[in-house]
Structure formats: structure tokens, C-alpha cells
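These notes open a run of structures that come right after.
In the two complexes that follow, chain A is the common piece, with chain B as its partner first and chain C second.
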Partner chain A sequence: MSRALRVGIGTAVAIAALALPHALTVPYFLHLTILACIWTVLAQGQNLVQGFSGYVSIAAGGFMAIGAYASALLSVKAGWPVWTSMALAPFVAAAFALVVGYPSLRVKGHYFAIVTLAYNLVIVTVLNNYESFTGGEAGMPNIQRPAALVLGGLQLSFAGREGYYYLVLLAAAAATAGGALVLHSRVGRVLIAIRQNEMVVDALGVAAWRYKLFAFVASGFLAGLAGALYAHFIGFLNPEPFGTDQSMNAILAVTLGGSGTLLGPIVGAFLVVTLPEYLRVADTYRLVAYGLLLVLATIFMPRGIVPMVSRGFQGMATRLAAALRPRPDPTP
Partner chain B sequence: MITEALQQVLNGLAIGSVYTLIAVGLTIVFGILGIAHFAHGSAAMSGGYLTFILTERLGLGFFPAMAVALIAGAALGVVLERLAYRPVRDAPQINAFIIALGLTMILEGGNLLLFGPDQVVIPTPYQHVYTVGGLVVAELRIQVMLTASLAVAAMATFVSRTRAGRSIRAVAQNRQAAVLMGVNADAVATMVFALSSALGVIGGALVGALLAIAPGVGEGLVVKGFAVLILGGLGSIPGAIVGGLVLGVSEALAAGFISSAYKDVIAFLVMIGVLLVRPEGLLGKR
Partner chain C sequence: MTRIDEGLVARCTAVLAGLALCATAHAAQKELVIGVSDALTGPGAVYGLPQSNAVRMAVDDTNAKGGIKVGQDVYKLRLVAYDDKANPTEATNSVRKLIDRDGAQYLLGFCCSGPTSAVASFIGRENVTMLVGNAAERTITAQGIPNLFRTRPPADFTGSAAGAFVAKRGVKTIAVIGSLDVSFYSQYLEAFEREFTRTGGKILAKETFGLKDRDMTPQLTKVRALNPEALLVLGYVEPCAFVYRQAVELGMKMPRYGFTSGSEEQFLKVATSEQMEGVWDLRPTELTVSALGEKANAYVAEYTKRFGTPPSPSSPYAYDQFYVLKHAIEKAGSVDPKKVQDSIRSGGIPPEAIMRYLPVGSAMFDENGQAYTTNGAFQWQKGKWVYVSDLPSDPVAYSKYLRSLRK
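This part shows the complex of A and B:
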């Protein structure tokens, strides 16, 4: 794709994203779009670990829970301003990721996946049982939205869906930009080298564990941010949405969209948020249909949607160019 | 104090033998085919539900009902392998794992549709309780341990003594070499899934008799199964046996002496601790 075309498409998407609240007449659609933006943040974090370095972490839901509870507890129980608690929450989640990531990254492959799964279960169990602190299964109500901001005489309110939409859009864009920054840096190249052959990376004298740990902590940070955004959007927290199902949703978003690409997690996040809603029509068969879709997608488009579509476009462009090229005269 | 500890160890051995059954099924699939079969627990629960229906509605005895469910479960395992796992055999491992997640959803959804959301307990005639030197021994727990030991022993005998078992071991050691020696690797995959699912169904039925079956129980069970695999070493059958019993006993002791709400946390901390000290598992090969 030429640079001009890319810039053009990018601008069009940006304008569409900014104008979206005015175009969506059904409030529920805006609600879903906000969730999809939050899940984009989560999926971009998952992509850093799963897509770039090839390590499958099943702890995204758990780190999301830590971010959500950190922000909610700081603002509701400690009485801190929402902006401060929301800004701190990702760092809390990142600190947890650092502490648990350091030992667990000593193991590879399925071991790593299962250990992270265990972390997720531990986090949810503690949240469920440490009732005096978290409210347990009954949950924590009355989590406020962030206060309005005044920027150069312009009042920005986040109390309504529309205002909050711009906040999560910004977060999703920043997470994607962060992913792009990592991908095009030395760190990103090392991470991809780890995915391709970790032994070679070690043999070349690069301390692979540092890069893996960086990716894991960064993914914890983004999951924590997603959690904080979620907590203050929904206004109520209990441990239920942060189980292993949620971690699997993050894995699905990355895999369905296109693992290791920048656009993949965005497409994937919108899919995992909207697909179950579409399938709600057939509510009793929803779980079965979702699972079936997943199995079929993995078998028939193993690389994800984004790489498949872009390859399709490239193929079309090549064929188009070939058709337009003047053919040499066959007669001698 | 000592009696109470022994009591908890005994209780732990009963649930631990169920963990062992689930883990042995997982470990043969993992060790031979390299698949992290996450849907194993849900498949086991389908078998447990079927056992319940057969005993409750048709009046079959516990073991005849389990035998029927076992055959159905083995067939289900074969179908899953053939339709879902085989197409991604040559793809990266993560793809098989995603397939496993999809299958888990399908099976959990299917269980919900077929058997409803209610918790069920499989009725058994083994309700005696013996007291031996201050220890309370429930007949059901003894039956559970015996059944699990028999099933694992039967599986081990099959793998180590028969011609089919030898082909399984050959594929586990070196798939390519086995194929070159004329072993039918597809048939081995089918066989492994049939065996694994059959063991899983026994585990599901025993859980249903010992505790209860409900939506979500299967997922919890498969996670415990993987924890056992990590404890014992991925792909190792003796490791799965030891790991299952260790997990069951440490869970029971934790529930008895520390906190029953946090027993899962403690079980996973044990697992993480073992992994950090011995990443290859208690009995795994380095």
C-alpha cells in the first residue's frame, strides 16, 4: 500500500472514530464501542507478550482485575481523586506483573501458560474471599466516573457515555501507538527473534529474559489500564468478569484479529465484544456457536483476520497491476 | 492433632486419586501428541452427567452406567481429535490450544443444553462409614481410590504390554521414526484420545459421586489436572500419579489447617513453588 493511501485511510478512520458518538443513535451501541475500546487496550497488551514474543499468558484477566480494584479502592475507600487513582492503577498492575513475571518467565511454552493461568485463579480467589477489602462476590458499588476537565476554557465532561468514549478512544489509540513504538524498536525486533528462536537470541548474547519481562510487565500495565477504565465506566466491580474466561477473551482477540500485527488486536477486540452480542439472538446456543466459530476460524484462517485481508488485498493489487500492464505482442 | 492430620491425608488421597485420573488423561495426550487438551475436564463432565442420567433415569448400577458413559466418552474424544485437533496438527502449538478453548466452550454449552444448569450428585450404594482407630473412613472414598487405581493400572498395562501400546510409546519417543517403521500415527492419535477421554469420564463420574457435577466444575478440574502435570512433569505418567496425590493431600491439609476458602490458592502456590525449584516437575526428566 502506498504511503499516501495509508495516510488517507488513517485519516478517514480517525474522523469516523471521532464522529462516531453522533452517528450512533442507539446508546447501547456506544456502550459496546466503549467496551471494545477498553478491550483493545487489553488486547494490545496481550499482543506484546503473545503476538511478539510468542509466550501465551493466561493472566490478562487477573491483571485487569488488579488495575480495576486498585483504582476503585483508591478512589472509593481511600478517597483519592479518580484521575489520580486511574493513573496509578496501571503501575500497580505492572508491579504485580514484575513480581510474578520474574520467576515464571524462567519456564517456557505450556508451563508458562499454565503458571499464568494459576496466577489468574489465585487473584480471583483472593478477590472473592478477602471480603473486608474487596466486598467479595457481592462486589463494590458506587465507583465514580472521573471529574470534568477544563482545558483552555473548554469543559470536558466524562460523566456521560459520549465523554467517556473519547477517553477510552484515546487510551486505545495510545495503547496501539505504544505497540507500534515497541514493534519498530530494537526491543520489538528482539521479541520477534525470541518468538522465532529463543536459543539463537541467547546464543547471540542477548539477555532474552529482560525483553520477555519487559513485554510481560508492559502487558500487565495495559491490562491494568483497561481494568481501571472498565471499573470507572461500569461503576460496579465484582471478581466475576476477571476470571480465566476474560484472559481467554484477550487471547482470542489477538489470535482472531492477527497475532503480532498492530491492527489485529483492534479487530479482535471489537469481535470479542460484539460477537457474543450478535449471538445473543440464539442465547441458548450462544456458547456452542461461539466455540464453533472459534474452532472453525482457527482451522481455516490460522493467521488471523488482518493478515488474511491484507494478503487478499495485495493479491488483488498484483492481479490488477498485471491486468493493466500492456501485454507484449505474442506474434513475432 | 495427628489423627486429624491423618484424616485430612486420607480425604486428600481420595480427591487426589480423581486428580490423578484427570491428569493421566491430560498427560498422555500432551506427552504423545503435544496437545494441551483444555477441553478434557468438560468432556469428563459430559461423561459424569451421562452416568448420572443412566443411574437416575434408567436405574442402572453405578459401575454399569459408568461403563456405558466411558464408551460414549471415548467416542467423543475420538470425534474431537478427528474433527478439531487433526486439522491443526502441523500448525503452531498455540492454534491447538485455541481449538481446545473453543472445544471447551462447545462442550460446556452442550452440557448446559443437554443436562441443564442444576448441580447433580450421582447416587451410589456405597454409603457405609467405618471407624478405624479414630479415623473416619467412608466406603465411597475407598471405592473412588480403588476405581481410580484400577483404571490407571489398566491403562498402564495396555500401554506397556500390548502391541497397540507399543505403537503409542513409539510415537511418543519419536514420531517420524515411528512412522518410518510403519506405525500408523493417525491411529495412535485416535487411540490416545479414546484412552484419555475414557479415563476422564471415570474421573468425571467419580467426582459426581464424591462431590457434585455442575457447570464450571469441569474447567476447575482441568486446571487442577494441569497443575498436577506441572507438579509431576509434563508427559510423565508416574509424575501424574504422584502429582495428583500430592495436590489432593496438600489441598486437604490446607483446607483443614489453614483455610478452606484459600485451599485452591495454596494448591497453586505449591505448584508454582515446585516449578521454580524443579522446573521439570517432581518426576520429570531434565
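This part shows the complex of A and C:
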């Protein structure tokens, strides 16, 4: 795809994203889009570990919980401004990721997945049982939205869904841009090399564990940001949404969209949020239908949707170019 | 001069009048969307699905009788029910869909506390009326949200009555096994402990199990070694049934008290009637025909006929919600949610209500939007729950306490 075409498509998508709240007649769809943007932030973080370096972490839900609770506790219990709490929450989650990632990344493959699964379980158990601090299963109500901002005489309110949409859109765009920066940097190339063959990376004298730790901490940071955005959007927190189901959904979003690609987590996040909602027409069978769709998608699109669509477009472009190419005149 | 055919005029007038009447009748027939958000799948479905069915039954009955008459208009009801999987995010999504897309201004159901609390956190900003059923977490009505009402009393309202009852039966030491990380069970226990220890009782152990756990023998073995005089079991039906069954299998013969609200059919899926014999359930006076009378009998028969399975004991909370709403709309003479809320707040107990409510003053709901039922002691005797006695309950005092929690 030429650079001009890519810029054109990117601009069109950006305009469509900015105009979306005015185009939607039913606010419920804006609600789902906000959740999908939050899940995009989470999935971009998961992609750093799973897609780039090939390590499957089952702790995304746990780190999201840490970000969510950090922001909620700082704003509700400590009385800090919501903006400050939201800004600090990703750093709290990243600090946790650093502490647990250092020992965890000494193990590989399935063992790493099991260790991170255990972290997720521990985090949820602590949140459930440390009632005096977190509210336990009963949860924390009345988590406020961030205050309005005044920029150049223009007041931006986040109390409604429209304002909040722009906030989460910005966060999703920033997470994607961050992923792109990493992917096209030396760090990204080392992470991909680790995914291909970690022993070779070690043999070349590169400290692979540092790069893996970086990916894990950055992933925790983005999960924490997603958690903070979620907490102040929903307005209520209990540990239920942060269990291993959530971590599996993050893995699913990356796998379904396209592991190791930049667009894959976006597509995957939107599918993970919207598909179960659209399948509500199937009533109590919706989760069966959802599971069936996922099985079929995994069988027929093992590399994910984005790589498959991309290959399809490339094939079409090649055939189109061949068809348009002037054929040599057979006459002498 | 042209003669006017009087017969023709009369016929034309009659036709026109008929058409006008048809047009009026057509214009007056309107539709009212009733939204239900509840756990229709997953562990919470044992409470959520019967609640949703109960509302469906009440809606169908009302439609069959012509609908709800509001002034000159008659409203036919359309029920839209969504599954929230007992998950806060799912509940937020389903309620947003009900309000934004389906245009529901009346929301019923809500069996589980987590998702209900999530919806309660934003429902105050919406022009809708929300009626909560089985979700018993105290804070749901402690916040004083003006458009939220709950038919089931909070868990600790029942817990303190249960504590006094067990102490009065001469039990001095008790061990607790339950889903203690679920808030409304921990609130029940907190109130139980306060009353039980007031008269010198002692809780020897508090053992926890998860909602999906099925093997409780480790907790029971530990408890057995402490030799308590009785066992208190708190949790969803299935895990509690496993506790009762495995206690018998381990040879534990002490009295077993519980707080589960499970039906006979639900328990018998896991434990035999012999294993359940003598178990106490200390809970709001829910669906037991001997406790609630003929109206409950008719409800059970009708529900069983329609859905092919008996209702859960807590399902009438949702059935009663609907009739609270119906009478409030009729009394308000309007479907404006604000007028209907005022009507609910000042209204009495609907005649169709299955549960035995204790009014606060003359109204069914107190200033917190909370209704209270009597609490009862039920015992498993020869294959079924038998209502033994009421538990001492004071809704006025609890209502004041609930109001005092508001920030």
C-alpha cells in the first residue's frame, strides 16, 4: 500500500472517529464504542507482550484492576482530583508489573502463563477480601468522572458520554501510537527476535530479559490506564470484571484481531465488546453462539482478521495490477 | 327543493361515528416497554431466571386482561429481558441498551448485588424507575437514590433476626461455612454475630468457599475438629446443598442452620431428602405455601404450568415489583416516571403481592425506597420446607439505621 493511500485512509478513519458521536442516533452504541476504546488500550498492552515478544500473560485483568482501584481509591478515599488519580493509576499498575515481572520472566512458555494467571487470581482475591479498603465484593459506588477542562476558551465536559468518548478515543490512539513507536524501534525488533528465537537473541549477547520486562511493564501501564478509564466511566467498582475472564478476553482480542499487528488489537477489542452485545438476539444461547463464532474464527483465521484481510487486499491489488498492465503486442 | 333521505343521513352518521370511535380506540391503544435486566445464565441464574419468568408471567396476565389503563389510554406491555450474567459491566450494557435503544422507562429484575450496584451508580441521572428484586446488598438502598426501590429486605435485616433465633434455641457455639467474600452474606453474618454474641454465644470458625466450589470436605473436616454445637451455612443454593450433603457424609450430626433461599427442587438436585432432613433456613418469609397462603399456592401452580418447573422461593420479589409498578401507574394516571415514583413512594402493598410485607407507616416503601418482608424460620421436614415460625423483625428501627448510613 502506498504511503499516500495509507495517509488518506488514516485521515478518513480519524474524521469518522471524531464525527461518530454526532452520527449515532442511539446513545447505547456510543456506550459500547467507549468500552471498545478502553478495551483497545488494554489489548494494545497485551499485544506488546503476547504479539511482539510471544509471551502469553494472563494478568491483564489483574493489572487493569490495580489501575482501576488505584484511581478510584485516590479520588474517592484520598480526595485527590480525578485527573491526578487517573494520571497516577497507570504508574501504580506499572510498578506492580515491574515487581512481579522481574521474577516471573525467568520462566518461559506455559509456565509464564501459569505464573501470571496466579497473579490475576491473587489480585482479585485481595480485592475481594480487603473489604475495609476496597469495599470487597460489595464494591465502591459513586466514582466520579473527571472535571471539565477549559482549552482556549472551549469547555470540554466529561460528565456525558460524548465528552468521555473523546477522552477514551485519545487514550486508544495514544496506546496505538505507542505500540507503533515500539514496533518500529530497536526495542520492537529485539522483541520480535525474542518471539522468533529467544536463544539466538541470548547467544548474540542481548539481555533478552530486559526487553521482556520492558514489554511486561508497558503492558501493565496500559492495562492500568484502561482500568482508570473504566472505573471513572462505569462509576462503580467491584472485583468481578477483573477476573481471569477479562484476561482471557484481552488475549482473545489480540488473537482474533491479529497478534503482533497494530490494527489487530483495535479490531479484536471492538469485536470482543460488540459481538456478545449483538448476539443478545440469541437470548440465553448467545454465549454458545459467541463461542462457536470464536472457534470458527480461530480455525479459519488462525493469524487473525487483520492479517487475513490485509493478505486479501494485497492479492486483489496484485491481480488488479496484472490485469491493468499492458500486454505485449503478439503481432511482430 | 331536494328531499333529504333521513335514513341515508342516519346511516352515514352511524358509519362516521363508528369510524371516529375506531380511530379514537386505535389512538388510545399504546405500548409500554418493561425492561428486565437479570442473570439469565451463569451461577446467578438460579435467582435471575425465575425472576425474569415471574415478571413475564405478570406481564402476560396483565396483557390478557387488556393492559394497564391510564386515564383515557390503555397500555399494552412489551417485555424486553436481557442477561447481565451477574456481571457489573454486562449489567451496565444491558440497562444502557434497555434505556437508550428499547426506550424502557421501567426496569425490573436485578437479582444479584454487584451488577445492581453498578446500575444504581448511574440510574439516579436517568429519567427511569428501577425496581430491584433479590439483590440484598445493603448499600443499594442506603444511598437514597430517588428513582430506585427494592422489594427484598437487605441481608442484615434478616441476619440479626436469625442470630437472635439461634441464640434463643440454646446454641452457644457455632461454626460458619459460607461464601463470605460475597458482601450480602458477610453482612448477614455480621448482623447474625452481633445478635448471637450478645447473649454469650461464640463463633468458633468462619470458613469460606467460592460460588463454584463443590467439595467442602476440607472446611467441614476443620470445623468438625472444633466440635461446635451447630453449623451456619451461607451461600447460593448449590454449594450450600453440597455442604449439607457432605456434612452428613462426614458424620456431623449437629443442627444445621442456613441462609440460601433455595427451593426443594434446587436442593434435591444435589442432596437427598434424608441428607437435608432437619436443616433450617433462616430467611425472609419467601415462597412457602404454608407461610404465605393460597395466593402463593396459585402463583406456584401457574408458574409451574407455564415454565414446567416450580419457581424459586425468591422469584415473587420480581412478580411483586410488577404489581407495585402497575398500581403506581394507575394511581398516578400517567406513565411519567417521576409521577410514578411519587405514587410508589406513597402507595400501599398491592393486592396481588405474594410476599408478606411489613409496611413502614402506611406505605410499602420507606424513605430509602426499601420494602420489608417478615422473616421466617423454615425447616426441612420429610422432603419439603416447612414454615415453623416468624423471626423477630423491626422494620421501623432498621429503616432508621439504613437512613443513618446515607452520606
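Going forward, the second predicted complex is superposed on the first by the 328 of 332 C-alpha atoms of A that agree within 3 Å, B and C clash if a C-alpha of one lies under 4 Å from a C-alpha of the other, contacts with A are read in each partner's own complex, and residues count from 1 in each chain.
Convention: a contact is a pair of C-beta atoms (placed from the backbone, for glycine too) under 8 Å apart; a residue touches a chain by one contact, two chains touch by 3 or more.
All values reported here derive from a predicted model rather than from experimental measurement.
When both complexes are overlaid on chain A, the residue A:142 reaches chain C alone and has no touch with chain B. In the superposed pair of complexes, A:287 makes contact with chain B and with chain C alike. By the touch criterion stated above, A:129 is placed in contact with chain B and with chain C alike. Note on chain A: of its two partners chain C and chain B, the one contacting more of its residues is B.
Of the two partner chains, chain B is the only one that A:117 touches; chain C does not reach it. Of the two partner chains, neither chain B nor chain C is touched by A:155.
Contacts of A:277 after superposition on the shared chain: chain C is touched, whereas chain B is not.
According to the touch criterion, the shared surface of chain A, contacted by chain B in one complex and chain C in the other, consists of residues 125, 128-129, 284, 286-287. Of all the residues in chain B, the ones that touch chain A in their complex are 30, 36, 84, 87-88, 91-95, 97-99, 101-110, 112-113, 219, 223, 226-227, 229-230, 234, 261-262, 264-265, 268-269, 271-272, 275-276, 279.
Across the interface of their complex, chain C is touched by residues 26-28, 31-32, 35, 125, 128-129, 131, 136-139, 141-143, 234-236, 238, 240-241, 277, 280, 283-284, 286-287 of chain A.
Interface of chain A with chain B (complex): residues 50, 54, 56, 103-104, 106-107, 109-111, 113-115, 117-119, 121-122, 125-126, 128-129, 244, 248, 251-252, 255, 259, 284-295, 298-299, 302.
Chain C contributes residues 40-41, 82-83, 86-89, 92-94, 96-97, 99-101, 113-114, 117-118, 120-122, 137-139, 143, 181-184, 186-187 to its touches with chain A in the complex.
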